[in-house]
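Every chain is named by a letter (A, B, C and D) in the order it is written, and numbering of its residues begins at 1.
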């Protein structure tokens, strides 16, 4: 099984030089720690910055420079700052090459639910609906099952949707999967996890073709 | 032409019970602190606030919530606020949650004279309920309407007597779109300068969108999530 | 009869302190020369500047600072420069208090035609359609009749329209008129011009009520 | 990440016959002079050019017209060009005239992922023919669609390797909207600088909208109407 950092590390392997990338809160944020060598990507934070850098040194934090998680950040050389309407114009206009975000449920057709649990207090969708409705390349980072062991990869989402037919790839603690027109296609399995384990933990249609290699993380 | 008013109290003249306000800021970053303080003092009630967030319990719009001055919030994310949660669960507060990008675009659209536009955000979700759906280039979109507000309260870094504004860092966020969108826009700034001081080529919000401007007395600029790394 | 400069001078009397004003090409441009004392207005040029100043001194002209007439200009203290999309957002969003432009024809309901003559070479509408569709306060500056003596104030426009029901006031070489729901209401007449002269030169419905004062220009 | 190409010839690689281009500038102000020169040399034909104007007879897009490389112009005003008039009257050139504000908004909409929006401009005129009309707040509006282009050619004052751009004066005009709107945006700049030189807070066009950038060899920056006053 992968831990949170290893999920992030595996997702980082998907990065390509020159991409603009939006990372959601939680595991996705960790992806920034594992950018492959020789590759340069630019991180967008949807409140209004391209070229988000690491956290500031102690004492150098600036209340006027935060990310979408409201954390104090820094700006890299070549950064640009803009208003939120422009920021979402970038997102909606498909200028961001990769969006990584968490999910509560993903359906075998790529629907995603990650903002609302009926009966529980709703905090809001923030930028998630804009992100999933527009991005061509969406990777979901999440655990394969919930705390009770129920699969989060379903035939149909049971929770209120964030977006439809939008997720392209899923990296969980157990596996890497593509969302295809025919269902979840198993690409890789976590060390120590068998194809059968994954099958059991996947409620939606799982496509298993040929040998399934183990996830490799350096 | 002189849009300068003395202070926040003078700036908010004309805001009345049951009006709709756009309030700039993202989290606690770039919020019109002095106008909010003046609104708290005013006791104006029944407000509808269009603002990405609702502040925290004892700062930002949270102060108006505590004081029960807000009837309805139109926001994208309202997570950091226990009093907010309490009022919402008790049905004392109406909440309209809309996607963050659509929120910004709908505020801006009001200022641009665009009454409605098609966007893919929210299609297939409860956000789309009751809205027109149309397909463009093989993809479904929903029709979103401009959001209207009686007043917009925005916060900038520097501004001049003509209402020209520049913002600092990500404190820009929703402020430019809301400055455009408000029927009357009140700008509070950290530093008020004479016309000609700000470079015309680098104005973020042209003064035409601003009706009143003043230099705020105090800026606490509270940090919501102080994240740092150590120098070692 | 008023000459071009006097028409501009009369229109300048309509200016109020603090207004943002867009002046079209021709007579409207001349309005800037007659701003009443004690009043400060800001001129917008729709290519992307607020706070347009006078022409530059010889030798100080800048190819990167022009107005919508493509003339070299200067920027006043407190000016702001923006892109054309933002410029027309201001116009469409009704942030400009007064638009002054020329016309070939105006109808008694406030329709305006000023961009196209069938059979003649068409240059384009430029920003005129955006301006007339949005501005709450549109003053037309023109001669009362065309070169052949035909009235330009008509029941219905005969030329292709630029906008419908938008003109609020007309200042011609002969008269000042409001466009009302009932037709052209005569407000003032040019020195040496009689109400009868104006009636003869006006093809659309003309409303004459009480004494019609003479236009006064200082 | 390095978006820098050597020169205009390299920048326009991939532009082919019958493609649609957005070309920045207003009159002769802020036009991509070096890209236009390269296009003239390339001999690429059948172009549809979305540009507010069509240059003059011997400069700007006028050069491409003279060379018969343009099949169609989508513009708001094309007045200063005898060759243009000749080709249009002879039916050799298609011309689609659209209101200036709608032109800018339709270019920008393409870049914003907004396929269509309602605007009052053009209602009741021939511009509205065949377009959906809808009333909002008691006023008629027409539905305008985003304009799409294979390439956008824009001209800025300064830019960096990441494609961040700043413009000078009113040479900004249509360039930012078109930079957003082009599927591939080529920016030519007077001065190419290293990332970090331009202040992040005062970037006009964030680099995300730009795919290729180069420093132009020559800028004539011709003035169309030299209007001056004397010092006496």
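The definition used in the following text is that contacts are C-beta pairs under 8 Å (C-beta built on N, C-alpha and C of every residue); 3 or more make two chains touch, one makes a residue touch a chain.
Everything numeric here is computed off the predicted structure, so don't read it as measured data.
Any chain that touches chain A and also touches chain B is listed here: D. Taking the mean Cα position of each chain as its centre, A sits at the greatest distance from chain D.
Each chain gets a centre from the mean of its Cα atoms; for chain C and chain D, those two points are 28 Å apart. Mean C-alpha position of chain A lies 55 Å from that of chain C. Centres computed as Cα averages put chain B at a distance of 33 Å from chain D. Put simply, the C-alpha centre of chain A and that of chain D have 36 angstrom between them.
In chain D, the residues that reach two or more other chains under the touch definition are 105, 108, 112-114, 119-120, 167-169, 201. Each of the following residues of chain A touches two or more other chains: 49, 75, 81-82, 89, 91-92, 134.
Viewed as a network of touching protein chains, the structure does not reduce to a path, ring, star or complete graph. In summary, the structure contains touching chain pairs A-B, A-D, B-C, B-D, C-D.
Chain A makes touch with chain D in their complex at residues 17-18, 20, 40-42, 44, 49-51, 75-82, 86, 89-96, 134.
Chain B meets chain C in the complex at residues 1, 3, 108, 110-114, 160-162, 164, 180, 194-196, 200-201, 203, 206-209. By the touch criterion stated above, chain B contacts chain A in their complex at residues 26-30, 52, 75-80, 85, 88-89, 97, 99-102, 104-105, 107-108, 119-127, 157, 167-177, 204, 221-231.
Against chain D, the residues of chain C that register as touching in their complex are 45-49, 54-73, 75, 81-85, 87-89, 91-92, 111, 121-130, 133-134, 160-164. Against chain D, in their complex, chain B makes its touches with residues 105, 109, 112-120, 134, 136-137, 141, 145, 166-169, 201-202.
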